Amino acid sequence: MDFSLKIEEELFLQMIREFAEKEVKPLAAEIDELEKFPTELVNKMGKIGLMGIPVPVKYGGQGGTNQMYSMAVEELSRSCGTTGVVVSAHTSLCVAPILENGTEEQKMKYLPKLASGEWVGAFGLTEPGAGTDAALQQTVAVDAGDKWILNGTKIFITNAGFAHVYIVIAMTDKSQGTRGISAFIVERGTPGFSIGKEEKKLGIRGSSTCELIFENCEIPKENLLGKVGRGFGLAMKTLDGGRIGIAAQALGIAQGAMDETVKYTKERKQFGKAIAKFQNTQFQLADMETKVQASRLLVRHAAYKKDQGMPYSVDAAMAKLFAAETSMEVTTKAIQFHGGYGYTREYPVERMFRDAKITEIYEGTSEVQRMVISGNLLK
Amino acid sequence: MNKSEYKNVFVFAEQRNGEIQGVAFELLGKARDLAKDLQEEVYAILLGGKDVETKAQSLIAYGADKVIVATCEHLQEYTTEAYAQAITQIVTDYKPSIILLGATVIGRDLGPRLSARLTTGLTADCTRLEISEEKELLMTRPAFGGNLMATIVCSDHRPQMSTVRPGVMKSMEKDETRQGVIEKIKINFDESKFKVKIIETVKEQTSMVDITEAKVLLCGGRGIGTDQGFENLKDLAQLMNAEVAASRAIVDAGLIGHERQVGQTGKTVRPDLYIGFGISGAIQHMAGMEESEFIVAINKDRYAPIMQIADLGIVGDVKQIIPALSQRLKSIKK
Amino acid sequence: MKIVVCIKQVPDTTEVKLDPVTGTLIREGVPSIMNPDDKGGLELALELKDKYNAEVTVITMGPMQAEAVLREAFAMGADKAILLTDRKFAGADTLATSNALAGAIRTLEYDLVITGRQAIDGDTAQVGPQIAEHLDLPQVSYLQNLKYDGKKTFTIKKATEDGYQVVEVDSPCLVTVLATANEARYMTVRGIVEAFDKPVEVMGADKIDVDESKLGLKGSPTKVKKAFTKGVKSAGQVYEVDTEEAVGIIISKLKEKFII
């Protein structure tokens, strides 16, 4: 078993760490405080290829691996959870399904602009009545000959306010159940398509989360993504990939909290010595670090399998489940170590704690991940 | 090469705008020590426009036995090629055993060009120069970021060349009664090699501060944090009649100009009192301040490297200590 | 336009720590990086590539591991890379290093040779001007900014002790660049992916026309007679007290030293 990184991955890590440290970290508090979508960062990331890592060069991408992509999300999230999810949702939930299911025309039309960061991507599956039970789609798409007509509402859509391209899942034939669901590419500005209210959130506050509203929204026939009736499978497969991204985000947030905690416990003194000198601190830190490293191995393993073309759905679920719960645990303990200061915005662990929570919820709750893992076990 | 032909200790007396730079006097002070051990003489090389001739006497007052003066329009303002040609000619004619240059922008431009032209060794940024029993120049300089010291010799080539940073050596007391010889020479230039044309030379205001001259230096590091932290430090400096300096991190962050940077890539300082605020003490930084008379370090981290060399260490938060110090000083002054 | 940029792999000296007991350097785990001033030089070359379609060749002298900085340069946008490596180069001081590098550059076509001002592991600032002398090129050191007229002339702003100077020089010439001259670009993801597919030309002493007596230890006029650590200065008193008490201690010290 070879656990070493490839030489290009080593070099990539060097680059992304420097970028996150210099460009992302200084903005993280402001992005959170002002609920500001990191448009400037998206431009910068686009320039150096971070918005299209696993996209082949012929589609304007970088020809990188999913491993690099997951490292990017991890390192960005280590500084700023919002920036991590912006890249993750864009790449995993919009770029990837087009790349994996799109026609050559669709790929040529959308991927170059998405991969360069000129356009941001989003993905619309969740509805008020269709959360974990995603098959209960109320949004409908009707075949009107030369076009599709969409009606319905999507909620909690990451990147919604700043995206240009949306992958939208809708029912095309209710009688067929999950086999009557299809996927579409919808562009911003399409008549009948509007962005609804923006959510006020606990964490990842800069990542514009809004409703998508379709009112007799007419989209061209050629914007069907994949085949009619295959949208549910496409959505599930998309989420498998997305889970690697969110697992990496959770891991990055946890690592960021570790960094802060290690530093703080060495500086903070109580009873005449640094709190790092107390065995209680040392043992807890050891447990935290072990879980973070275990998360990293799960994330890398899932990304590796995806890169190898092996089935990775269960691996991605395990990675996301473990990394998300580790992230929550580590950030909670990080605040405890910081004491009263940790509860204030003077220290970044407060933000990290809030950012971590969502990783147990979106792109499949921890319960959904357990269903996936046990389902595979008991089939 | 017949080494015995090469004699005497030469100092390149750098002038800018006709003003001889302090480092030249410092080098003369060192050159005297070396010449004494060698039982040789100290020569100063003074290149410039017509106006510098009057300055030659001051070089004697600071320790030169002989001043070689070349003045002409090509030497008025420093250019690499004209100066390299002039000194090459002087070396050929006078055969010095040692040449010392200031490790200034000019010295560091000229020195290596000369060493390549003369095919001899050059040791940069020496902190100690002495003569060995074999009458060789022992040149000691910091290496590898400042902690490792290396003593370097140039055994088989002459002249032995080294540069020394301003503030490292001490000049002797000015002695107006010293006697010496001023020798004017003419340089035969190959003007076809003059390829760099000066369009303009601009002096900037910020350069007025010289932290190497400060008796009390308050030095801010990463622990200072923000703009506000630095403003507080400046207030404190004013109350103490001190100068403000900074570590590289702060300079890189743009909070203060490079001319106030202490350390390997900044300036070497040796004030009577150095106080480091939130300075952890990277090797590079310490290389530039460890010769200070008295060092106070204030840092959150008990184990910061600077604590190892501090005469007085305070473990604490500079963000609180700086304003509190200012407050106390104000009340004392009242 | 053809540009040659000399870059060096150096230990990140800001990461070097001292053993507090022995006073020796802890070299383990110190990452190797592209020397910051050299990176500024490479950025300058890449900007000229962006504007004038210049061809950028990077060259480094060092052990085989120094290839890493050449890959990094590829990932930033360099076109060609040369690794100058040979046992005969070992032990070189700045003059012998400049002989080898100048020898390699002589085998290339160039309009502009760029080096960093100095390397952070040696801080000598000598190799650039020495290469210029060997190649008989005019030099401009401490470059802050460069403008090219698109034909032959460079207008260069260079740092001086107390301000700056603007000079003009025609190609070919050599400049030494400050890390602060520009903000070096990041490697791109695609650049990283492709960096390892590009060829690095490995040059030994036999590939350059320089007499062996001018290379390596043999060609070095300066020799290290001894190297030593400064050792640990005995630390003074350290106080862990609250702010008020700390202020008191400092004030009494200031009084003792007649500062106030």
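Odds and ends about this structure:
Going by the order they are written in, the chains are A, B and C; count residues from 1 in each one.
In this text, a contact is a pair of C-beta atoms (placed from the backbone, for glycine too) under 8 Å apart; a residue touches a chain by one contact, two chains touch by 3 or more.
Computed from a prediction, not measured in an experiment: that's the story for all the values here.
Steps from chain B to chain C, taking the shortest chain of touch contacts, total 1.
No other pair of chains has as many C-beta pairs in contact as B-C. Averaging the CA coordinates per chain and comparing them to the mean over all protein CA atoms picks out C as nearest. Greatest Cα centroid separation from chain C: this falls to A.
Distance between chain B and chain C, defined via averaged C-alpha coordinates, is recorded as 21 Å.
With each centre defined as the average position of its C-alpha atoms, the distance from chain A to chain B rounds to 54 Å. Look at where the CA atoms of chain A average out and do the same for chain C: the two points lie 40 Å apart. Among the residues of chain C, those in touch with two or more other chains are 240. Contact with two or more other chains is made by residues 302, 315 of chain B.
The multi-chain contact residues of chain A, meaning those touching 2 or more other chains, are 269.
Those residues of chain C lying in contact with chain A across their complex are 68, 71-72, 75, 185-196, 240.
For chain A in complex with chain C, the touching residues are 7-8, 11-12, 14-15, 18-19, 47-50, 52-53, 57, 61-64, 68, 269, 272. Those residues of chain B whose C-beta lies close enough to touch chain A in the complex are 300-302, 315. On the side of chain A, the complex with chain B involves touching residues 266-267, 269, 274. Listing the residues of chain C that touch chain B in their complex gives 11, 13-14, 16-18, 20, 23, 25, 93-95, 98, 120-130, 132-134, 138-142, 155, 159-170, 173, 180, 220-230, 232-233, 235-244, 246-247, 249-251, 253-254, 257, 259-260.
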